[in-house]
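Chain IDs A, B, C and D follow the sequence of writing; residue 1 opens each chain.
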């Protein structure tokens, strides 16, 4: 039985983590931290009534290490890199859901996040927790950088075609649509119901922080310098991401060849489904699946990928990483 | 041409007021106030791009009086009664959209709002701005208390049957469902998209402040001491209120008699529509209409009423009051 | 391993049944029937891609009996009573999700459903599958009448207070709000997105077929002749029912006493949660829980209950019945 | 006073037309046709209760000509070209909202719509009713082809930059997101509430009929052979279209130059607003505005445009065409 703590446990990702971990046969959740909240878990997450008898606490790394073996760190960026070194020193294994350990280069981090990185020695040394690409490196790690939600969708859609040399590594357009839960649970005007409902809009055009992450991971995976234009959109739904991706073919290929290439790339990967139909975010809601379809339109390859931003885009993949890290079957607690 | 100012102009009601006043042939909007916001109107209300070239300002009553003849006061309660006396003294006519001048009794105000009333001399002297009931008193007034949204829905549904002696004044149950815009635009966790979407729940059961307002006005209108049990619900939609109301009949009546009674009560009232079908909030969205239907089920009279909480429940009725106050046709700018 | 067939497997309830049964350790789904559909399950239910390799078939009772031990019958009413006798004769055990075996009296059935009952000998003999009330009768049955969604919500909320003699059995008002999935998957104008979205309305006021079912079961459970006024509302959300219920107290009681009475009534029932806060449909979405809260307002007892209409209101309780019928732990596959 | 008839008056576009025409000072709506419906307008459009006392009728062209001067034809494609010649012969002026008279080439029509065109002599002779581009040709016409909703959004966004030679005419990607009302009011499974809600997906990838229309009009306007890759998406909201468009620059230009070019192109056009912020569909909902913003990201020009698919994308532009056709001010009844 692995004892698990969740840091920053009041948000939506933490709630999904709790739901998954409560059904994990080898896990006991032993601590939930929050800086602001001191109440019972049910006060913040009423859907967990009767499921878990814990309160939110403000715990030091040593207090946490006394109670838990593994930490899921759901703190925001910056807060995360301020906590992780001490957690590791205290002997905890950490799955970090923030962006703080995803990028390899401290200057790129500083450029996109506006903060100097305070634990830069770990950049480039930390395994990027996308199991479909880097699964064999995850076992035995003490720190995993859990990927971003838009990032996972984009990388899972593009990796097979880039690695296989089917599409050009530059000129790629990723037009992504996300549900509102991706923006978190801290009250802000732009995520009020009456602002988001009945409305779709782009945001952070050309400036979203998932762009360098996508490029870094795809470049590393494919051996080519990948360049994408990434446009996120806020969509009036709770959860789900759809990425509609446009790429130039690198060599002539039929739709059958492309689909087969993607299918074979993910052969044996339990959470990737290559589908014939056009995927809907609803088809993967509340699951750890990523559904991918390919089309050829005129002179372009169009890839469509959907996943649940809170599950496969955050909490689900975190548990997938946890399973690999700790030697459990990859799908434990993740196929329901 | 009447010069109009809006106080507290950053919220949803103010936005709807602006939309209506921009099409009013006898109005010029000359000032928008805000304590926090100093930008251009389009920064807060992008739907007004190109419609209105004003900035938010923090103006004193005298500055306002120099610019405007009539003020729509969209401040929250307490803030309103702190401003209104000075506005009136400065010579402005005021339509107050807060709750501060709706109740007749300072002690009832203090009990439900938790603040001593600081302008209690005007309580009981201020006309309650529900034109269908008190229209003839509005002309020429300098201060109008604009009614609450749940209140208007409930009163419009019940007044004809109570005044006509068709139903018992006690034991009335009002089960009301409102869209989220009724909760305002100040960021709070409970009105985030990801909290409200895909969810309905009751709130303030037995403690909502519109209950004493409903009872006061219906008691005054009918001459009986009216008692209601009022339950509001937060519904996943932008706008609209549906009140489903259950009352005991006072004397035997057919559905035809009841419907006729309601229809005759509102004869000549342009914004009340007595309908045969079961009304939907969508049917009155973005309009100043209130649709009402009556049913008899077993031993109860069931009244169903819908209106748009931001229009007929707030900004629309405010302009209706403005029209009557200033001598314009009641429907000016309100039927589109 | 129990072999299971689903009849009428193209609808939303069948989809939820499949999701639950796919995680049931003692079940193998062996047949899916449809009169109209002949394709693969993924063509109709794309969320099941890769989960289940079955096609829809039009199978006779004997073909079904050769393949399955238990049938979940998701046919509409009338179609169900035309099929169930032959299924039973062929040796299948049946959980019927239609209304055909819920009422005890053929004349009541005919009055509310507009069809003469063609298998009336089984009326009054069939166990009503609400495990929290009739759990001990379910083991070993060959036919279970699975309850309606509004019905379950209403009965679970009211039974403890009626059975305990805390509230009057008459004059009860049930104001219920349901998500749109409760209306099924057959295309009709009134359930189009553009009709339901941004709108709430009552429907079937005084004529909804769940009313006699609620009264029958509560009368049977409490030993009093229960009379309710039931008003359903179509709410703009996928799933969830909230019942806001108003009853007259039968004897003086504090809120503490009432809450304790409800809690004790459901002691040991794993899917009923008595909560202090006002329950939201979102808190029970995708779960088999029913959350119940009690309030006293003026002279009324107000009970609020929420459940997921497709799970605890249909597919979840069906599997709960299945578990009891077949001797599995009641919660098998139902707490995730 | 112009007498107006609406053909195919039961759909969403017809409802919006009615709302607009009811406030038009120079219009009297005198006939509504439907093949299936014979009831009163309020039976189908309850929001029009009390506004219009007409029934749906099945009228011949000659009966229509006796009652009306101008017809808005809201029939589906094919049905439209079967009706329009007789309407014109009977002396009516026609604004056709179907696709039947938009394309210049009968073979292109046949290829994309799967029907031989039966009135092909009028193809290429009919003015395409996009007033911002072809306004000066509209006055005095007897037949106008009202543009498609995706088409208008895309053309309005791209025309200034293509005409001005700022972007390449090929390699353009249009990623468009539409609310569900664009799919009409005929019951089909894919537009049920429970299918669309909480889901976004692409559809008709590479095969949507608005693609050739966009290319034809933009080629004609710019004098270059324009090629676009158009991907529509079904978005969980009632109304609104957002087009996110990616183009290659043709010559070096700053964001300021591009924005100015677009602004000047639409100088004097009352319904086009060039905005600095990223536009949201909500900002133009229920209006005849199209909001456009430009960005430069890496080596691409990104144009974002929003409009209300039922108003500026259908009924609003139809009335704009009507105003120009009949000599009324272009904005009559369209700015509220």
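The rule is simple: a contact is a pair of C-beta atoms (placed from the backbone, for glycine too) under 8 Å apart; a residue touches a chain by one contact, two chains touch by 3 or more.
Just so it is clear, the structure is predicted and the values come from calculations on it, not from any experiment.
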Comparison of A-B and A-D by number of C-beta pairs in contact, larger one: A-D
Most remote chain, CA-based centroid, reference being chain D: C
Computed distance of Cα centres, chain C from chain A, in Å: 36
Centre distance in Å when chain A and chain D are each reduced to the mean of their C-alpha atoms: 40
Averaged-CA centre spacing for the pair chain B and chain A, given as whole angstrom: 45
Chain D, residues touching no fewer than two other chains: 179, 195, 197-198, 236-238, 279-280, 282-283, 285
Residues on chain C engaged by chain B in the complex (per definition of touch): 173, 175, 177, 179, 195, 197-203, 205-206, 227, 229, 231, 233, 235-240, 242, 244, 246, 278-283, 285, 295-298, 300, 302, 304, 306
Interface residues, chain A side, partner chain C - complex: 19, 23, 42, 46-47, 49-50, 198, 273, 275, 277, 279-280, 282-287, 289, 291, 335-336
Chain D contact footprint on chain C (complex, rising order): 12, 179-181, 185, 187-189, 191-198, 236-238
